[in-house]
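Each of the two complexes below includes chain A, the first together with chain B, the second together with chain C.
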Partner chain A sequence: MRAHGAGAEDPVSTEMVHAIIDDIGALLLFTMILIVAAGQVYRAIYAVAAQSLLIAIAGGVLAAATGNIDLWVIAGITLVVKAIVLPSVLHWVVRRMNVRREVEPVIPIAATLALAVVIVVMSFHLSASLGTVRQAITGNALPVGIALTLTGVLVMATRMTALTQMVGLFASENGIFFTAMAVTQGMPLIIEIGVILDVILAALVMTIMVLRVRSTVDADIADLDRLRG
Partner chain B sequence: MMSGEISVVIVLLDMALLVLIGPLVTGIIQKIKARLQCRQGAGVLQPYRDIRKLLRKGTVQADTASGFFRSIPVLVLAATVAAGALVPVMRAAPPVFPMGDAIMLLGLLALARFLTALGALDAGGAFGGMGASREMTIAPLVEPVLMMVVFSTALAAGTTELGALAAHRGTSWILSWRAADFLGFAAMLVLLPAETGRIPVDNPDTHLELTMLHEGMLLEHSGPGLGCMLLASHARQIVTLGLVSALFFPFGPTESAGAMGLLLGAGAFAVKILVLAGFLALVESSYAKLRLFRVPQYLGVGFVCALTALALRIL
Partner chain C sequence: MSSPPDPAILLTGTILMASCYGAGALTLVLARWSGRLAIAAGHVAALAGAVAGLGVSLGVLLGDQGRTLTLPLPVLFPFARLSLSMDGLSAYFLLVISLVAIAAALYGPAYLRAHSPDAGRARQAAQVLALNVFLGCMSFLCCAGDALTFLLCWEGMTLASYVLVVSDDRDGENARAGHLYMVMAHGGTALLFIAFFALTERAGAFDFAALRAAAGGLDATTRTALFFLALGGFATKAGVVPLHVWLPRAHPAAPSHVSALMSGVMLKVAIYGILRFAFDLLAPVTGPLPPSWGWTVLVLGTTSAVVGVLYALQQHDLKRLLAFHSVENVGIILIGVGLAMVLCRREAAGVALATLALTAALLHTLNHAAFKGLLFLGAGSVLCRTHVRNMEELGGLARRMPWTTGLFLLGAVAISALPPLNGFVSEWLTFQALLGGAGHFHGPAGLAIVLSAAMLALTGGLAAACFAKAFGVTFFGRPRTSHAEHATEAPASMIAGMVWLGALCVVLGVAPGYAVRLLDAPTAALLDGPGASAVVSIRGPLVLSAELALTGTGATAISMTVLTALLIALAALAWALRRGSSGVARREAPTWTCGMSPTERFDYTATAFAKPLRLVFAALYRPRREVTRETAGTPYVASRIHYYGEVVDVAETQVYHRVQRGITLLSRIIRLRSTGRIHGYIGFVLGALFVALLLFGVGR
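Here is the complex of A and B:
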C-alpha cells in the first residue's frame, strides 16, 4: 500500500485511478440495467451482488490510491455484507418462501427500461449543468452515482413483491455509496458504518416482515392495499 | 502507386477469406454445441458439404413466384460479400482508396436482409411470409442499436471507417478501453445472437413453425439458390463477428507490412473469431429461445446499454 497522498503527487497514477473509477462506473450502470431488465428474481439478486462487488473494488482502488485506511475497511465491509451476506439472505428467503420466481412488475419491464434511459440521460444532463461543482469531481462518478440511485428507486417503485423492492433498495444504496466514495475520497468511517448498519437493519426488518406476512395471511406486500379491517 | 495496389489486393484477399471461412465458423459453433450436449456431432466441414450438395441439385420453384425470385439468392450473397470487403481482417488501417465505412457495411447487411424478406414474400408461401414479417419486426430493433454501438466507438476516433477506427484504437486492446467501450461491448454481446440469427432470438437448427425466423424465409429456395442463401448467412455471421473484432479488439499491421505481419494479423483474427464463436455456442447451449414477444425486452437491454455508452461519450 502506498503512503498517504501518493496519488496527489503522481499525476499519471491519479489519471489512471480516474479512468478505473470511470470504467467501474460503466460496469455499475450495466449491472443496474441488468437489474431493471431481470425477469427472474434470482437474476436480479445476482446482478445486485455483482454490483456490490464492483463497489467494493472501487473502494479498494480508491483506498490504494489515497492510502486511506478507512476506505480499505469500508471496501472489506461492503464486500462481506453487501456482496455476500445480503444476497444470500435474499436467496434464502426466495427459496424458503417458495414463491413464483418471476419478477412481477407494475408496468411492463420494457417501459421501465425506457424510464431508466430517461433517468440516465437526465442525470448526465443535470450534472453537466452543475458547472464548477462538476469539474471538481472525478470523471463520470457523479452522474453515474445519481443514475444508480434514481434507477434503484425506480426499481422499488415498479415492482410488486417486497423481495425485488429490496433489490432496488440495495441498488439505490450502492449508488449513494459510489457517489460518496468517488466525490469525497472517503467519508468518515463512522458514517459509512452507520449507513451499512441501516441497510442491514432494513433488510432484516423487511425479511422478517415478508416471512411473517406470508405465514399469517398468505399474502404479499402488493396485496396489502386491498386489506380491509 | 505501389502501396495502393498492395492494399487493394489485401482488401480482396480479406473478402475472399471471410467468405471461404464463414461456413467453417458455423461448423465450429455446431461442433462446440454438440460437445456441450455430450454428442459427437457432425464434422466442422459439414456446412461445406451441405453447400456442395446443394450446388449440384436442380431447382424447384413455386408457381406463384415471379422471375425476380431466381435472382434473390445471388443478390443477397453479393450484398453480404460486398459488406465483407469493408471488414478489416489482416489489416488495422484504412485502404488507400475510399471504399465505404461501417455505415455502408450495416446498410449492405440491411439490404441483404430486405432482399431475403422480399424473396420470402414473393414465393407466396405461408411460412415464408411469417418468417419475413417476424424478421422485419426484429430488424428495426437490432439495426439502430448496432448503429449506436458503432457511433459510440466512432465518436472517439472521429471516423466511421473500420480500418481507421482500428488504427486509432491501437493494439493495447482492453487496457485502452474507456468507460463507454465496456457498455458498447455489452450491447454488442446482447445484439450478437440477434444479428447472427441464433438463440435466444432465433434458432438456426429448427424447422418448427413456431420458432423460426430466418429459416422460414429460406424454405421456398432450393438447389443452388438455397446454397447461395446458406453461404450468405454464413458470411453474414462472420462479417458480424469481424465487425465486433474490428470495433473492440483490433489487431494487425497498421501499414501495408510484409507477409509476416499479415500472417500475424490473420492468426489474431482467427483467435478472436474462435473466442466469439465459442461465446455464441455457449449462449446457445445454456439459454432457451425467447418467445417472440419477449425479444423486444431482451433487445431493449442492448438498446439501453448502447444509449448509455453514447451518453458517456457525449455528455
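Here is the complex of A and C:
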C-alpha cells in the first residue's frame, strides 16, 4: 500500500516528478513572498489559497507517481479544506469586521522580506547538510518546506492583527504539510487527516475569538496585551 | 524456634493485608449515610490490615533466614512487571509500620470524634480514604520488589499524608504546612526518580534483581553520584538537617494519630530506602562501600541529632516539639547506619562492629516508632480535650488526665534514653558501636567517631532536659487557662491505643534480647556477617553484650531485666523506708509565697525553663525578644508588660529564605520582560528555533 518507488510501470517518470515538485516548490516560495509582501489582508488570503492549491497539485503528482491511493485522498481534502473553505471563512470574517483591511505590520514589510530571504537561504544551507534525508523523488522539497514553515511563523510574529496571524499559521501549516508529503511520500492517512482537523479547529477557535472580542469589547486580539499582570 | 510457616500462608496474609487496606479506603462511601460509621469501619479495616501485616512480618522474620517471599502482581503497565518481594529488611520495617498502625487504628475514631465533632462528611470520607491509602502504601513500599511499585507507593504515601495534613483544620496554617510539605517531598521524589531511572535504564527492567545486576557494572563515580541522589531524596523525607524544615510544620498539622504515624513510621520508610540503596541495590559486588557514603551519613546523623534536639528545646507547641525530636531520633538512627556503612565488609572485627551498629540503628527505628507514637498520641489526648497546643496555656493536667499523664511520662522517659525503657537500650547499643568504632579506627577517623559519640551524649542530656520541660509544664503545676482547667480524661479507646504502645516500650526495654532475634535476618542479609543475636545477645536473650573481639577492649554487657528488677527493688525499699520512718506526724500546709496568695502565674514557664540553654546556644538560635511596658501615668507603675520571644531556624533563614528571595526576584524580572504581546512571543520562539537550527542543524 505504501510507496514502492518509481517502478517501470509508473505512469510518470522519476525525473519528471522531480522537476514538477521542484517547480511547485518554487511557486510555493513565490506565494510565500506574496503573503509576506501583501499590504492588504485580501491579498494575503488569496496568496495562501493559491499556496494550498499548489500543495494539492503536488499531492496529486506524488500520488500519480507512487500509486499511493491515500495521497489522492489527502490531495482532495487539501483542495477542499485549505484552498476553498478556510480562505472563504477568512474572507467572510474580514467582511464581517468591515474595518482595518490593511495589514498592520510590527516591523516594516521590507524588513520582513529581508528576514524571509535570510530564512530561505538558511533553509537551503541546513538541508544541504542533511543529505541522507533526501530521497530520489523529493527534489528540493525539504528546504522549501522548512522555509515555508519558518516564514509562516515569521508572518505570525510580525503582524499585529489576529487575522493576518491566522494567515501566517495556515502558511506555516502548508509548509509542514508539504515537507511531510514530499519527504515521506505520504504519511499514514489518519495522521494527515488529524493534522487537517487541527487546522480546522484552530481556524474555528481563532475566528470565534476574533469575532467575539470584536463584538463585546471592540478591540483586536493584539490589544489584549494590556491584560498582563 | 517453631517450624517456619508455610509461604502460602504468608502470601495469603499479604493479600489479606492488601484487601483490608483497600476495603478501608473504600469505606469512604459509607460517609454518604453516616460519617461516624465510615470512620469506625475505616479504622476497623486499618486495624485488620495492620494485624495481618504484623502476622506476615513475624512469619518472615522468624521463619527461614535468607528466604525471600515473592508475589507477582497483576500486570498494570505493558512495560513493567510489578511484584512484591519480602526479605528480612522488608519484613522488619513492615513490623514497625504494623505495630504503630494498630495503635493509630485503635486511637483514631475516638480522637476524630472528640477533636472535630462538627467535621463535614466529605472531610471524614477523605480522612478514612487517606489513612488507609497511607498505611497501605507504606506497607507495600517496604515490600516492593521493583522500582515502579516502590515509586508508586512512595508517591501514594506522600499524597495521602498531604491530604491528612491539610484535612485537620481549615485554617491557613495547615494549608501552608501542606504546601511546604508537598514542595519538599516532590523535590526529594524527583531525586529518587533520577536515581531509579538511571538504574532501570541500564538494566532494561524494573525489578530489583535486574537493578542489582546493572549496578554491578557501574563505575565508582556514577555509583557514588547515584547514591547521593538517592540519599538526598530519602533524607528529605526523613527530615535530616538541613532538609527538615517541612517536618516541624507538617507533622503537627495532621490529626494526632496520623502525626504518630508520620513521625514514627513514615520517616522510617525513608531509612528503609537508604538501607536498601546503600547495602543492597548500589553496593559494589565486592569490597567495602565507598568511604564517602558512610561518613556523609554519619555526619548528617550527628548534625541532625544535635540540631533537632536543640530546636526542640525552644518549642512551646507540644506537637511541634515532638516533631523536632523526630529529627533528632532520625539523626541517632543515621549515626548507627553511617557507622555500619563505614565498617561493613571489612575484616571480622569490623563486620561484628557493623552488625552492632546496624542492630542499634534498626532497634532504635522500632523503639522510636513505639515511644514517639506514644508521645504523639498523648499530645493528641491533651489536644482533643483542651484544643490547645501551646504548653504555656496548659498545666495541671496530671490530676485531670491521670492515664494520659502516666503514659506520656512513660514515653518521655523512653525518649530521654533512661533505663529501664527501650530508648536506653538502642542508645546504649549505639554508644557501644561508636566506642568500638573509635577503637577500631586510629587517627582522625577514630577522633571523628569519638566526637560523634560525645554529640550523642549531649543529645541524650538535652532530650532529657526537653522532656523535663515538656512534661513538667504541661502536666504539673496549676492550669494556666480555663481550657486546661476543664480538661477531662480521654476516652477509653484512645487510652487503649496508648497502652499498646506503652506496653511495647516496656517490653522492648525490659527484654530487648527477644527483639534482637527479629533483627537476625535483616542484619545477616545486609552485612553478609553473623546475625544480630550472634553479636549482641550471645549470652542469652536477657543479657545484651558487645563482644567485639578487639584488642585491648573488654566486652561490655548489661542485663536490662536485672536492671529493671533492681530499680523496682530500690523503689520498693525507698517506699518502705519512708513508710517506716513516718513516725513523726505529717503536716500539710500551703506553699509559702511571701504572703501573697499563690496563682498559676507563679509557675515555672516553658520559656523560662529553656532560657539558660537559649543563652548558651544563642549563636545557633539568634533569639529575638521584645518587651513592651504599658505604664499607668507614672513610669514606676507598670500596668501591663508584654513579652514576645522568638528563635529562628538557621537553616530556614540562611538557606531557604535566600532561595525564596532569589526565586521571587527572578520571577519579578521575568514579569517585567514579558510584554504580553503574542507576536513578541512568537518572534522569540522563531528566533530561538533559528539559533538552535544554526547551532545544531548544520555540520552533522
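Note that the second predicted complex is superposed on the first by the 210 of 229 C-alpha atoms of A that agree within 3 Å, B and C clash if a C-alpha of one lies under 4 Å from a C-alpha of the other, contacts with A are read in each partner's own complex, and residues count from 1 in each chain.
Rule of thumb we're sticking to: contacts are C-beta pairs under 8 Å (C-beta built on N, C-alpha and C of every residue); 3 or more make two chains touch, one makes a residue touch a chain.
Keep in mind that this is a model prediction, so the values were computed, not measured.
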Judging by the criteria at the top, classify the pair chain B and chain C on chain A as clash or fit. fit
First, second, both or neither for A:A116, with chain B first and chain C second: first
Just checking: does A:P143 make contact with chain B only, chain C only, both, or neither of them? Give me first, second, both or neither. first
Could you look at A:M16 and tell me whether it touches chain B, chain C, both or neither (first, second, both, neither)? neither
Have a look at where A:H125 lands relative to chain B and chain C in the superposition and call it first, second, both or neither. both
Have a look at where A:V195 lands relative to chain B and chain C in the superposition and call it first, second, both or neither. neither
Once the two structures are placed together by chain A, how many degrees is the angle at chain A between chain B and chain C, based on Cα centres and rounded to a multiple of 10? 140
Examine A:V73 and indicate which partner it touches, taking first as chain B and second as chain C; both and neither are also allowed. neither
Give, as a whole number of angstrom, the minimum Cα separation of chain B and chain C in the superposed three-chain arrangement. 14
Common interface residues of chain A with chain B and chain C? 125
Write out the stretch or stretches of chain A touching chain B in their complex. 19, 22-23, 25-27, 29-30, 33-34, 36-37, 39, 108-110, 113-114, 116-117, 120-121, 124-125, 128, 139-140, 143
Residue ranges of chain C in contact with chain A within the complex: 671, 674-680, 682-683, 685-686, 689-690, 693-694, 697-700
Touching residues (chain side chain B, partner chain A) in the complex: 177-180, 182-183, 186, 294, 296-298, 300-301, 303-305, 307-309, 311-312, 315
Chain C touches which residues of chain A in the complex? 106, 119, 122, 125-126, 129-130, 150, 153-154, 156-160, 165, 221-222, 224-229
